[in-house]
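Pasting a structure here, questions to come.
Read from first to last, the chains carry the letters A, B, C and D; within each, the first residue is number 1.
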Amino acid sequence: MGCVTPDADTIDHAAVVAWIRRFAAEIDEHRAELVRLDTAIGDGDHGTNMDRGMRKVVEKLDGAAGDDIGALLKAAGMALVSSVGGAAGPLYGTLFLQMGSATGGAATLDTAGLTQALEAGLRGVQARGKAEPGDKTMVDALVPAVEALHRAQSDGVAVGEAARLAAAAAEEGMKATIPMEARKGRASYLGPRSVGHQDPGATSSYLLLRSAAEAFANT
Amino acid sequence: MGCVTPDADTIDHAAVVAWIRRFAAEIDEHRAELVRLDTAIGDGDHGTNMDRGMRKVVEKLDGAAGDDIGALLKAAGMALVSSVGGAAGPLYGTLFLQMGSATGGAATLDTAGLTQALEAGLRGVQARGKAEPGDKTMVDALVPAVEALHRAQSDGVAVGEAARLAAAAAEEGMKATIPMEARKGRASYLGPRSVGHQDPGATSSYLLLRSAAEAFANT
Amino acid sequence: MKKLINAPDAVVREALEGMELAYPDRLRVSYDPAYIVRADAPVAGKVGIISGGGSGHEPMHGGFVGPGMLDGACPGEVFTSPTPDQMMAATKAVDGGSGVVHIVKNYTGDVMNFEMAADLAGEEGIPVEVVVTNDDVAVQDSLYTAGRRGVGITVIAEKICGAAAEERRSVVDVAELGRRVNAEGRSMGMALTACTTPSSGEPSFVLGDDEMEIGIGIHGEPGRYREPLAPASVVVDRLASAVVEDLPYSSGDQVLAMVNGMGGTPLIELFIVYRELHAFLEERGITITRPLVGNYITSLEMAGCSITLLRLDDELTRLWDAPVNTPALRWGA
Amino acid sequence: MKKLINAPDAVVREALEGMELAYPDRLRVSYDPAYIVRADAPVAGKVGIISGGGSGHEPMHGGFVGPGMLDGACPGEVFTSPTPDQMMAATKAVDGGSGVVHIVKNYTGDVMNFEMAADLAGEEGIPVEVVVTNDDVAVQDSLYTAGRRGVGITVIAEKICGAAAEERRSVVDVAELGRRVNAEGRSMGMALTACTTPSSGEPSFVLGDDEMEIGIGIHGEPGRYREPLAPASVVVDRLASAVVEDLPYSSGDQVLAMVNGMGGTPLIELFIVYRELHAFLEERGITITRPLVGNYITSLEMAGCSITLLRLDDELTRLWDAPVNTPALRWGA
C-alpha cells in the first residue's frame, strides 16, 4: 500500500490504517514478550489484553471506509475500550479516542497534526491514569515521543521522519523505565522489587510509535 | 529382661510383654518403609497406622501387671481396635483379641500354646477380612507362619526355636506377595498394577513374627 | 510438602477444633473418641444418621452434619477409617430412640470398623442399619475383590437419608432409601495431580506434566489408566461414558448431576466441566434436573474432578429439595 | 499447565455457560457484553448492586449474584478488569429505578473501567454510586501510588450492601454502608504456591519448596516478602498481626473473621488456620462473633489463604445475618 509518497509532508487515512494494522501485527508478534514483562511486575496479561483489543480494532478496520482520520482513530479507541479491559483498555482506549478528537474531520495529517494528536492522546492518558513521568508506565514512553514530535515540528521535519524520531525517543523512554520504581498500576505493589524490569505498557507504547515510523516511512 | 530361660519350653507373661514391645519397636523403625510400601499400592498410611496403634498398646503395657497372657493380648487387641483404624485396625485388633481368647488365663505358653494362639488369630483375621492365601494380604505371611508352628509342634521343637521357624516362614510368605495380584484391600483397586510390590500388611505381619523370634530367643 | 498445618499428627485434631470454634451453635465435637454431632443431638423420635471415614475429604463428612443431613460424623486420621469406639460413641450420641443408620463407604477398613461398631451397638440394644455405598465405576465389582469404592454418591445418600429421617421415617425405611440411592447412583473421578498426606510427606503417585490419571480414588490411589492431558471435553467423555454405560442411564432419565472438585481445582474449571457434562448428557437424552457443582468429597489438595449421577424419581427429588442446614450444604433454612 | 479447560481463550465464556446451565432458575447470563444478573432483575424500587472484575476469583463475583447480595456481576478475562460496556449493560439490566451501586476493587484497571461506565450511566440518567474497596494491608497506601488493593472485604461489602438494598434503602445509603464496611475491614493474604493463568501458561512467580510468599495479591502478584515455610500458627501471626495493627482492632472489638482459601487449599487446612486465628484474636481480647471459612475470593489454583476482619456493630451484624440466596453464599432462604 503506497499510502505515503516519498518524503511526503502528510499522511492520509490509508497511512493511518496501515499504522494501526502494523501496530496490531507488532502486538501479535510481541504478545509473549509483553506477557513475560507483565508477569515479572504485574499479572501477566498485558500481551493478551492488547492482542485481544487490536484484533477487535482490525476487525473494525476491515469495514472502515471514508477518509476521516479522526473517525478512524475514534473507532479504534472505542473498540479498545470495549475489548481490552484491565488498565490498558481505558488507557489505550482514551489515547486513541483523544487522538481521534484532535484529528476529527482531517483527511491528512502533517507533522504538526500528528504532534497535536499524540499530545492530546497523552493528555487523555494522564487525565485518566494520573501517572507522571517517572512512575514507570506507558507515560514514560509517550512523553519523550511527544517531545520529539514537537522538536521535529519546529525543525520542519517531514511527518515520516518525525515519526521515526518519535519512535527512537519512545524506545529510550521505554528503556528508561527499567531502573524506575513503579508508583502506578499493579507494578507499584512490588515497590522496590519492581526495579530492574521494563514496564510492559511502556513497551507496547514504543511498539505503537515504531509502527507509525514503519507505516509512514518511505516504501 | 531374662524372660526366657535358655532352651525353655515355655514363655511367660514377661516374654509376651517383651514380644509386644519388640514389635512396637520394629514398627517404629520400619514405619517409613511400611508407608512407602502402602503408597505404592494403597494409600500410604500403613506405617503410621500401625505405629499409632503400637504406641497406644505400649502405653497400656506400662500399666499391665499380672501373669495372664490372654488378658495381656486382649488388652493389646482392644488398644489396636480403638486406635489404628483403616483395615489394619480391625485385622490386627482381631488377631490379638483372638490370640487372647485362645490363651485366656494362661501364665505360660509352650509351642502348642503359641501355635493355637496364632492359629486362632489367623482364623479371626480371615473371618473379619475374608482374604484367602494368594490375595496379597497379611494372611499370606500369617498362614505359612502357622503352618511352620504346626510342624515345629509335631517335631517337638521348643517355643523359641518354633518362633524362629515361624518368622522364617512368614518372611517367605511376605516375599511371595510381590508377584501376586491383589484381590483384597485397597491394593485390589490397582488390579494387575499391584503386581511387583510387596504387601505392606504382610510385611508388618512378618515383623510381628520376627519380633516373637527375637523376644523368645535365648539371650 | 506445602501445607497450612502445624504438625502432621495434629492435623485432624486441630482442624476439628477449628470446626468447633467456627460453628459453636451448630456442632458439638468430642475429641476422645473423636466425633462431631449436631448441636441438638439426639433428636427424640428421629432416626439418627452417622457417617464417617478418613479425614482429608472435607467438607465430607463433618461439613454435612446438621438438620436435614447427618446427625454425626466420625473423622479418622487422614485417609484412614475411624475406629469402632468412635462410631459407637457417635451412635449413642445421636440415637433418639428410633435407631441409627450408618452410611459407610465401601473400603475394607471402613466396612470392618463399622461392622465392629454395629456389633457393639447391637449389644447395647441400639438398632443399627448399615448402608454401604459403592458407586465408583472405575473399580471392577466382584465377589472376589474388595468391590467398588464408595465415593460421590455418599454425599447424596447422606442428604436424602437425612431428609427422610427428618420426616420421621423408620430406621429400616431410611436405610432402604439409602441403598436405593446407591443403586441408582454411579461415579468416576480423575486427577491432574496427586495429593500428599501430611504423615507421608510424599505425593501418592507421580504424574508427568502432560499426563492425567483416570479412575482415581479419593485416597490418592492411582487410577484405572493414565493418558496424555486432554481438554475438558475429553475428560468428561471418559468419566461420563463409564458412568452412563455402567448403570446404564438411558434416554428419558432425569438425573441429579454432581461435578465435584478434588480439593485443588478452582471453581472456574468445575463450571467448564459441568458445561461439558450437560452437553454429553443432553446428547443422550438424559436431563439434569438437579445440579451440584463444587468441592464436596475431596482428596486433600488433589487437582481433578469427579462426576456423580443419581437417577431421580419424584420421591428422591423431593427429599433432595428438602431443607438442609449444614456448614457445607444449606438451603431452605 | 494442568487445567480442566478446553482452550485458554474459551475459559471465561465456557465457565459462564456452565454457570448458566447450573443455575437456570437463579441467574441470567449475557455473553456480548458478558454479565450475569439475578433471574428476576431488575427488582423494581430496589437499588441495584453490581460488581465485577477479572475472572479467576470464583465464586467471586458471579457466585454472589442473587437475592440479598449482588444483582449483577461483570466477569472480565482471567485477572483482567471487565470493560465499561459490560458494566454499563449490567447497570441497565439491574436498575429498578432507584439507582445502582458499583462495588469496585481498587485496582487501576477496575477503577478506570468502572469510572468510564459510571460516566456512561450518568449520561443515561441512571444514578450510580461507587464503592471502592481497598482493604489489603500488604500494600502501602499513598496518594502517590495505586493505593491498597481491594480483596476479601469486597465479598463482605457485597453481602451487607445487598441486605441493605433488600430493605429498600437509598442508593446513597447503600453506598455509604459499603464504604463503612470497607473502612472497618482489613485483609492480608499469603501463598504456598503461585498460580498460572490459562493464557500465559506459566506460574506467576516461582517459590522454592521451602518458601512461602506473604502479602500476595489475588492476581498472582508476588507479595510483600518471602520467607521459609512455617507452621500455620506463624502464618496466622504474620497475617493477623498486620491486619490487626493496621486499623487497629483492639480489645473489646467484635469482628466478622473470614478465613479464605486461595483456590488450591483444602478445607481441612483452612480450619486449622481458623483455629489459629481464633486463638490469636482471643489473646488480644477481640471476639469473633461471625466466622466465615471457605473459598470465596480465590486466585485460580493458588495454594494459600487470606484473612479478613470486619469490625461489627449491631447494624452490620443484622445485615450480615439477613437472608441471602446465591450459588456460593446462602442462608435463611
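Structural remarks
As a convention for this text, contacts are C-beta pairs under 8 Å (C-beta built on N, C-alpha and C of every residue); 3 or more make two chains touch, one makes a residue touch a chain.
Predicted model, so just to flag it, every value in this text is computed and none were measured.
Shared contact partners of chain B and chain C, listed by label: none present.
Each chain's centre was taken as the mean of its CA atoms, and the one lying most distant from chain B is A. Look at where the CA atoms of chain A average out and do the same for chain D: the two points lie 33 Å apart.
Taking each chain's centre as the mean of its C-alpha atoms, chain A lies 55 Å from chain C. For this pair, chain A with chain B, the centres built from the Cα atoms lie 77 Å apart. Separating the CA-averaged centres of chain C and chain D is a span of 29 Å.
Multi-chain contact residues of chain C (touching two or more other chains): 78. Taken pairwise by the contact criterion, the protein chains link up end to end in a single open path, with no chain closing the loop. Which chains touch which is summed up as A-D, B-C, C-D. On the chain B side of its complex with chain C, the touching residues are 35, 39, 42-45, 48-49, 52, 81-91, 93, 128-129, 183-186, 188-191, 193.
Residues of chain D touching chain C in their complex: 2-7, 11-12, 14-19, 21-23, 55-56, 58-59, 63, 78, 192-193, 209, 212, 229, 231-233, 235, 263-276, 278, 288, 291, 293, 295, 298, 300-301, 303-305, 330-333. Those residues of chain D that touch chain A in the shared complex are 33, 54, 76-85, 107-109, 112-113, 115-116, 138-140, 144-146, 149, 197, 199-200, 202, 204-205, 217, 219-222.
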